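Order of writing sets the labels: A, B, C and D. Residues in every chain begin at 1.
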Amino acid sequence: MPFKHIFRVHWVDIDAAGVMHFANFFRYFEACEEEFYRSISLPFNTIRQQYGILLPRVEAHCIYKAACRLGDLVEVTVSVSEVTEKTITYVFQTVRQDDGKLAAEGSIKCIAVNSEWKVVPLPAELAKAIRDKGA
Amino acid sequence: MPFKHIFRVHWVDIDAAGVMHFANFFRYFEACEEEFYRSISLPFNTIRQQYGILLPRVEAHCIYKAACRLGDLVEVTVSVSEVTEKTITYVFQTVRQDDGKLAAEGSIKCIAVNSEWKVVPLPAELAKAIRDKGA
Amino acid sequence: MPFKHIFRVHWVDIDAAGVMHFANFFRYFEACEEEFYRSISLPFNTIRQQYGILLPRVEAHCIYKAACRLGDLVEVTVSVSEVTEKTITYVFQTVRQDDGKLAAEGSIKCIAVNSEWKVVPLPAELAKAIRDKGA
Amino acid sequence: MPFKHIFRVHWVDIDAAGVMHFANFFRYFEACEEEFYRSISLPFNTIRQQYGILLPRVEAHCIYKAACRLGDLVEVTVSVSEVTEKTITYVFQTVRQDDGKLAAEGSIKCIAVNSEWKVVPLPAELAKAIRDKGA
């Protein structure tokens, strides 16, 4: 079951065209990803401290379908679409709560690196947790 | 000839992993796009006021190859890869100035809308200017 | 009674020192202000459309007492400290939820302008609503 | 002699009222501060690595006088107004280049902390460099 997180579109998110700036969707995708990890008791800090790894992004993609405006409640959904030896790919959907319209859908792929920023395999326990709970 | 714009990576761009936050690349892609339009005497405001159109994004994509860190000078290159009746697609490259390494490459596709946010054809004059000068 | 709004500190808010970037406190002050206006049925858009006014900031101030870190739940409190003919001043407090520690306190003063960006008196109805409900 | 840094106001800086969002002035104040430190051969990273200190903000203040709009060239000026045993205070001015109008002026006070986030005296060499060159 995909993980869901609702947020409010604030003034600071909106650009001079009166809509959420396109780059801010990635901020909310990431915030949803963070909440997903928190929901499985693996917040970013724990991953960093317990496993000694970071998960920098190697790819980000978004298709914009409908604008989000000031005050909109928006539901972001994340699910894990692929876990390889060293990478995790999430897919995201952003839905406006008032009319149920899909505003944006996208994906983020990240890779495991250690504290020297070398690519390393995902810790087995972490990979398993993400596979089990993010699908 | 692609258009180039150099920027400095500042503290506010950097995340807790010590590298430029992935979403900020899109901010710099867009800043470079703005400078390109300014260089052909068509700044965003002119497009909005003269032609009555906005160019919201319908797709954004980025592949991250190498991290950018605090104080790095980074060169962003933009070129127009496709102009259709109603859309413009740009491709971007981000190169670190100290070692010439490609940090990120991506694309942004935008669509012409009028002030009621209806999709409209690109004004011929604008399409021509972008085709001629952005290739 | 001051209005309260709780938010989570996300990765994108955190700088390379591992703490919330100082300018982001103003983003959360403003988000709390927005929620306050929404709570009294006067969201920013209504103020703009119904009264034809905007409330740009003329002053912002913040004293930082303790850092906010990734994943912290933070409660922002806003109350209206002064309403003059043309200005509104809010005071804010930001408290960490885990230890009850004051992280930051500040103020924002804004002024009423019309759509030509001329300073104008606050609409009486708006001034009254803010005085009554924001104290 | 105060240190000066010119920047361009970009689309991402502008809010739905068509002006630079008030919190972004602090981003540009800080970027100017960074360039000042770079100009005296003490970039933030050097301060962190050579002296083992960070300079988190304890106070930030800004008075807004005139709006900055899309495409404006803006000159930010920084000078050091006070250096105490443990703190540095800068004052900033932001001037629009087209009409020479003061857009904003403000201040930022920071305090020296070590890697455990304990307040410590400013290294004498650093304090001297800032006093000599930032006045």
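In the analysis below, a contact is a pair of C-beta atoms (placed from the backbone, for glycine too) under 8 Å apart; a residue touches a chain by one contact, two chains touch by 3 or more.
Predicted model only: the values in this text are computed from it and were never measured.
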Problem set entry | Longest centre-to-centre distance from chain C, chain (CA-based) | B
Problem set entry | chain B and chain D: spacing of chain centres that average the CA atoms, whole Å | 27
Problem set entry | Rounded Å distance between chain B and chain C, as computed from the means of their C-alpha atoms | 32
Problem set entry | chain C and chain D, separation of their C-alpha mean positions in angstrom | 23
For this session: Identify all positions of chain B at which a residue touches two or more other chains, and write them in rising order.
Result: 11-12, 23, 27, 30, 70
Exercise. Draw the chains as dots and join the ones that touch; what shape do you get: line, ring, star, complete or other?
Worked result: complete
Exercise. Which residues of chain C touch chain B in the complex?
Worked result: 11-12, 14-16, 18, 21, 23, 70
Exercise. Touching chain A in the complex: which residues of chain C?
Worked result: 8, 10-12, 27, 30-31, 34-35, 38, 43-45, 70-71
For this session: Please name which positions on chain A make contact with chain B in the complex.
Result: 17, 19, 22-24, 26-27, 30, 54, 56-64, 67, 108, 117
